[in-house]
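Reading through the structure tokens given below for one structure.
Labels run A, B, C and D following the written order; every chain starts at residue 1.
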Amino acid sequence: MSLFLAYLAVLAALLSAVTAAIDGRSPWIDAFIAKGLGRWPQQLARVRHSLAAEDYAARHRQLLFTLLGGSGIAALLAGIGALASGAPLVDTLPFGLPWLSWHTRLDPLSGFFLCVLGLPLIAVALYGPGYVREFEHGKHSLTTLGLTTGMFVAGMELVLLADDALLFMIAWELMSVASYFLVAFQHEHAANRRAAFLYLLMAEVGAIAIILAYGVLAGFGGGLTFDALRCAALSPLWASIAFVLALTGFGMKAGLVPLHAWLPEAHPVAPSHISALMSGVMLKIAVYGFIRFAFDLLDQILWQWGILVLVIGSASAVLGILYALQQQNLKRLLAYSSVENIGIVFTALGLSLIFLSNGDTALGTLGLVGGLLHCLNHALFKSLLFLGAGAILHQTHEQSLENMGGLIHRMPKLANVFLVGTLSIAALPPLNGFVSEWLIFQTALQAGSIQSGVLRSLIPTASAVLALTSALAATCFVKVYGVAFLGLPRSGHIAHAKEVGHRGMLAGPALLAACCVLIGILPAPLINSLGNLTHQLTGADLGNISTLGWLWLTPVAPEVASYAPALVVIGILAVGWLCYHLLYRRTGLEPRRAEPWDCGFGGLPARMQYTSGAFSMPIRRIFQPAFEVQETLEETREGPAGTRVTVLRYRFQVLDKAWLGLYEPAGRGVLHLARWVGRLQTGNIRTYLGYSFFTLIFLLWVIS
Amino acid sequence: MDWILAILETLLFIGAAPLLAGWTKRVKCRLQNRKPPSLLQPYRDLLKLYRKQPILPHPASWIFRAAPYVVFAATVLTAAFVPLVAVNLPTAKIADVIVLVGFFALARTFLVLAGMDIGTAFGGMGSSREMTIASLAEPAMLMAVFTLAMSAHTTNLSQAMNYVLDTGLVLRPSFVFALGGLMLVAVAETGRIPVDNPATHLELTMIHEAMILEYSGRWLALIEWASQIKLMLYGVLIANIFFPWGIARDFSPESIGIGVGMIALKLALLAILLVLSETAFAKMRIFRVQEYLSFAYLLSVLGLLSHIILEAARVHH
Amino acid sequence: MIAVYLLLFIPLAGMVVLSMWGDRPNAERFNIRCNIAALAASVWLAIDVLWNGPQLSAGKLLYIDSYNVYLIALTAFVGLTTSVFSGPYMNHEREIGRLTPRRLKLYHTMYQGFMLAMYLVLTTNNMGVMWVAMEGATLATVLLVSLYRTPESVEAAWKYFILCGVGIAQALFGTVLLYFAAEQKLGVGGDALLWTVLHDNAGQLEPAILGLAFVFLLVGYGTKIGLVPLHNWLPDAHSEGPTPMSAILSGLLLNDALYAVVRCKILVDGSLGNHLAGHLMMGFGLLSFLVASLFLHRQTDIKRLFSYSSIEHMGLMTYAFGVGSPWATFAALFHMTTHSLTKSAIFVTVGHAAQLAGTQRMDKIRGLILTQPSIGWGLAVGTVAIAGFPPFGVFASEFLVLVATMHDYPWLTPLLLLGVGLAFAGLFRHIQPMVYGDVPEGQKPIHANLWPVMLHLALVLWLGLAIPSFLGNWFSQATQLISGALPQ
Amino acid sequence: MSITDLDLYSQAILLLAGLIALTSFLMLGQSRLVRLVFIFAVQGCLLAGATAMAAGVLNYPHLYISAGLSLLLKGIVIPLLLHRLIHRMGLHREMDTIDHPARLMMGGTALVVFSYYVSLPIVQHSTLVTLNAIAVSLAVVLLGMLLMISRRQAVAHVVGFMSIENGLFFAAVVSTYGMPMVVELGVAFDVLVAAVVFGVFFFQIRASIDSLNVDRLSKLTEVER
């Protein structure tokens, strides 16, 4: 049943792709209709008329996204079903090679990620029709957009269902290629083209690494189905090779430092609902791949792997958020913060690996659950934030924080929804981001149970980095909200922004916000429902997660740690209401509106506010070594001997060190090599004859 | 019964916070050979503010008006989690020390947002500085707390205190480091000299004050009160985690009485300590605060590592 | 068996007719008709073979088995679609005055001549005749390369002629040695050069001689496959000749040369019993694969670019045949099909793109999607397909090659994947700017017939998703013939 | 066994083999196109002679045909064709200088030794002494390639190409007493067409770079300048 629902999801996605492709307005469709209905002129006329109707485009759009939403709902239901039942459902499809048809499998793990995919997809489906309307009259056809979006979604769902390496790779690459076309959708800007190319290139490299990883397993397991791969008996060395390859491949897609370079380039330039899907869902698909490979397919786990993942994860987390803090472009900032969150997820997975390799199943499970929960949370609030950013972009065509401000007065509804996302991603109680980080901290704090001193000292250090990360994340998103929504507008078109008109464009984010709050307040049921999943992967579940009842979280044991978000919320509301009642209702003193304090100079223009760059300047100073900052200061002087400075213009740009250190040299190297090889083609036929001659001589000499 | 006790304790906490502030001020005046105000002065101030009509700057949105309530509520809740005179109260179970740090962050976030909501230079300046300091102080604090948590195998405060009480007086190097770290953080987080000067009137040097520059009336009252509670919270944390002796472990009147007396004594001593340091040091430049805080961070991490390395023998699971 | 004779007769007749009336305006329609007829014959033949198994003609001159029959069908199909494309293309060339009617006649004649040679190479049972036909293919195409009479095209044609001539001469020496070896065992007589006979008695042939022969055959036919370092003629010939010819060169000629090498490999393996031939092919294949993928990066001419990609893919196939395990062989056969379909489709699009922009210089070709979406998307999707992205067939075959390699020669896989990555980067860094971006001044859509492209790409897509059973059988039988085992 | 106790036929074959090799060397050293073509014609005649003798002595009648073909094509038609082309293009005074004649000759001799060494495995499996001639024919092939590598004149390239074909024929004759008839005819046909096409190309090349110096046919290069 749930497998059927999953198929339904894939079909719906493909169907929406097809629907997009068949745009009744395209000339060849018209010709087709004309040919078909040539004999019945009045029907032809009717069809043509309905196609020419004003609302045709709107209905067409609506249909596309309804199908996508249907796909999301089906995926969600399928996932819930799989999580609930726990028994894997397997099936084979009549595709693929003669002796290797496509194997599909729906088990709790893929089920969970189907849910992770489903929720944002539904939100996007609500949001999309309003958002893509502006492309209607642009030079880029919606056909491309809809077609590739459908492919993209279908690809992601197929990755989750794949049960053999071939189908997995096909779906994986389908996902990459489709999203490439989406990134390149608005290709008139050179930056977008560059981003798209970089993205596809790195996706390809990652895919190559993944293929190699599967190849290692297939080489030993004799077969391409996941069952065969599971049977592969590997020596620790080969297992490590496979693991590192998988980590590289999936990490490249997930955006682990230093393989993240494509992410801040590609996510900002895609249409916002696509950015939401890419950042919110696609990265999770990569995480799924990693979990599937490391926890499920590989038959052993070495503690060194855990260390590796832990270190890389922590590095990604802290570097990601540091770079995010320095961005001026809102979507770029969000992209970097995705790097951070993925880093947190991998930190959790690293902990889990360490504990598992140490034979401590319970704690391994705890780490895994923390990581999975953070996946879901990030999917929710990151999609929410991208949709919000998209809404701002849609209303004001503004991406740069430096020009925003005061939007809370102009888009109050959006501002409230966005606030929820901000607080959740800043990992503040009582919202969902905090819950997952809390679980990860709890895992890290159990390091005492490990015998090896090295690990025992490393894990707390990692948790220290995690603490730093979450503090910086709070800073970063306070900046975002404060600069974008509060204060005074910093540019004219922001000052005249209007609330989003399309209802769906608010409903989508609102749905996600509701999920954020719900998970934040009542995480226990969700975590309990992961029992089947953890059973499948680690053979254990969090037995006493809710010893004190379903309101409470007691990951290890009640006396070790406990957290009751619901009660906390009640407490806050109670106290807050009490104060409000006592202080406001009773006194009944209405506040008086007045000018803010301006040191008596009078008149505070918007330019006097702190800008985004100024807000993050102290951090930039403090963590100087992590950045490559280019600052320029232009000043125009006047008066005698140019003593009086009239205009000061300060510009700064923060460059990614990984880019300068890793990617550019690689590119240069390839070109150099190519130039060197080019010498073969001298253009002189006698040289060519010489090649042939000496090849012959050489071969004759070899064989005799 | 327990719940009532817990609520009473919380109320006591809230009620006593201004008193501690008053006491601190008093000691300070004595040290600076000034004539001190009465101990109850803070209460009077709060009452006065409560009666005044608040002023709302033009650009402000609902965030500005909601922030004080959120800040106060969050702080009160944290106060409820922290055992003041007795351990094993049910409220201590609701949340552990990590949540506590989280609530500090929540309160801070809203304060900062309120600071940016008014769209003045000072608000943004204060917010930026506050967040910078916090983003360094918070991990330091977490590390300090983790040191305790790892040796006590719990992040639940009252459990931790029980653990320390049960094991009796053990000279743990890790605790020394953690204590140092936590004290430094406390100074930074409560906005005292040398990090920030609560009594300053020069906007450019302000951090915390710059954010709440626009607040007045009942809102200011709430915020002031909340920061007094916060000061006391840190005091209680330091006192009860590292020197929990005297805290009530059962709810018999006499032990509770002892508990009250002891905590009052400890807090008084801590306040004196604080004042001494405040008079001894001068306020630092904003960019020297990072060194100060990274030192705190270093201390805490050292605490953690020394726990791992020096006290490894104690690790049993 | 009549089908075979038909298959050979149709292009012969077409050649004769076109050599007389090839300059008539309806000549290209006749050309298409010939190819349709040939395709029909080949399909008939294919069905025949599929039902009744391998067939030997009277006089044993022609031999059809599961290996060459699908190549025949493929050849006929690509020949047809390319001729369909060449209609409007050549008209456009004549309108802009690059071609005179006389040359058009030559073109049409030689088109059929080339098809004849191809069919002969594939159908013949006699290694000597195979050589003759292969040389015939060179002679048929060499004048087409210099059809435009530009200095570059003449130079390219000359190089093509000399290098392939010398190469093919070495192949003849190899054939002579083969004959010699066979004669020693089978006695003097015409049969000693028949592939069937040789195959049956491969076991008794003198290993030393066959080893020597294989070297000459590999170097000879390898020149035609375009194996590095014997490849130098290939980019020149592809880039300077008319585009339809590039399409059939890439899509058919290279395949058939490889086909010949593989036929020889079967014999040599049978005689030597060791893996010498395989290793030689692996070495050449891998070298070509890597070097070509590096060459891609610094190209300026779009047809040159794709001819290097042809070298790269032929290298991959040669390598896969060299590996020789059932999986690898299956993959290689599969790759032959997908590659020639995709590559010819790409050359068709490239031809239109070049006409659209009025040049083959890639830095002058811009904004195709906005100018003429069908061409732009055709090029983009075709490149995606040839770069080995699923769900297109090329991916499936490359994936199989990789897995097979991982199974037998794990330490070679990194090299292969390096090549794949380099090739992808090399292609896309050039293609993306061409298809995307704004339209240059005064770039107008042209009259283009793109259904061959769509058809090819659709087929490749279909093959990537699911291989139809009859095709699967062909591949499997051919795999069994070549590698001696069925893949599973 | 040594040459003294061979029958006359074998001796003759070996002699002709020697002579053919000699002609190849002469061509390699020859810098005047006219003489080059003349020597090539001689080589063709020798080849034809060898074929005819094999046909006669070992009585393979079909070899007469191939002998006739070679005489006609290699001995008469193609040389005449080339000769007339040379004169029409006024190349008969042209000197195609060789860079290092001495080295070239030494390389040639090395090639002969090498081809003997390569063909040993073939020879040792057979009692036929005439098989040693295979070594010579291989040498002729390689020398032909060397000739093409060392010359700039397109005509010289054609001659080299044709002499490679001669080597192949000779190998076929001495080792296998000729290929099957159909192949013989096919090859002959190809050679003829090739000769014609060469002729066409001379004019095309000349039209494009007004010279037949192949070194100037180097527009299609990828070397960075």
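The definition used in the following text is that contacts are C-beta pairs under 8 Å (C-beta built on N, C-alpha and C of every residue); 3 or more make two chains touch, one makes a residue touch a chain.
Quantities reported herein were computed from a predicted structural model and do not represent experimental measurements.
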Shortest chain-hopping distance from chain C out to chain D: 1
Chain whose average C-alpha position is farthest from chain D's own: B
More contacts between chains, A-D or A-B: A-B
Computed distance of Cα centres, chain D from chain B, in Å: 101
Between chain A and chain B, centroid-to-centroid distance (C-alpha), Å: 37
Cα-centroid distance, chain A relative to chain D, in whole angstrom: 70
Gap in Å, rounded to a whole number, between the CA centres of chain C and chain A: 43
Interface hub residues of chain A, defined as touching at least two other chains: 675, 678, 680-681, 685, 689, 692, 696, 700, 704
Multi-chain contact sites of chain C, meaning residues that touch two or more partners: 158-159, 162, 166, 170, 212, 235, 295, 298
For chain D, residues contacting two or more additional chains: 118, 121, 145, 148, 157, 214, 217-220, 222
Which pairs of chains touch, using the document's own definition: A-B, A-C, A-D, C-D
Sites on chain A touched by chain D in the complex: 675, 678-686, 689-690, 692-693, 696-697, 700-701, 704
Parts of chain A lying in touch with chain B, wherever the complex brings them together: 405-406, 408-409, 423, 426-429, 434, 438, 441-442, 445, 447-449, 453, 456-457, 460-461, 463-464, 467-468, 470-472, 474-475, 478-479, 481-483, 486-488, 548, 552, 558-564, 567-568, 571-573, 575-576, 579-580, 583-584, 587, 589-599, 604, 606, 608-610, 614-619, 621-622
Residues of chain D defined as touching chain A within the complex: 114, 117-118, 120-121, 142, 145-146, 148-152, 157, 214-215, 217-224
Parts of chain C lying in touch with chain D, wherever the complex brings them together: 61, 126, 128-129, 131-132, 135-136, 139, 142-143, 146, 149-152, 154-159, 161-162, 165-166, 169-170, 172-173, 175-177, 179-180, 183-184, 188, 190, 192-193, 206, 208-209, 212, 235-236, 239-240, 295, 298
For the chain B and chain A complex, residues of the former touching the latter: 50-59, 61-63, 65, 69-70, 72-74, 76-77, 80, 93-96, 98-99, 102-103, 105-106, 108-109, 112-113, 115-125, 127-129, 131-132, 134-136, 138-139, 142-143, 146, 149-150, 153-156, 159, 203, 213-214, 217-218, 221-222, 286-287, 290, 297, 300-301, 304-305, 308-309, 312, 315, 317
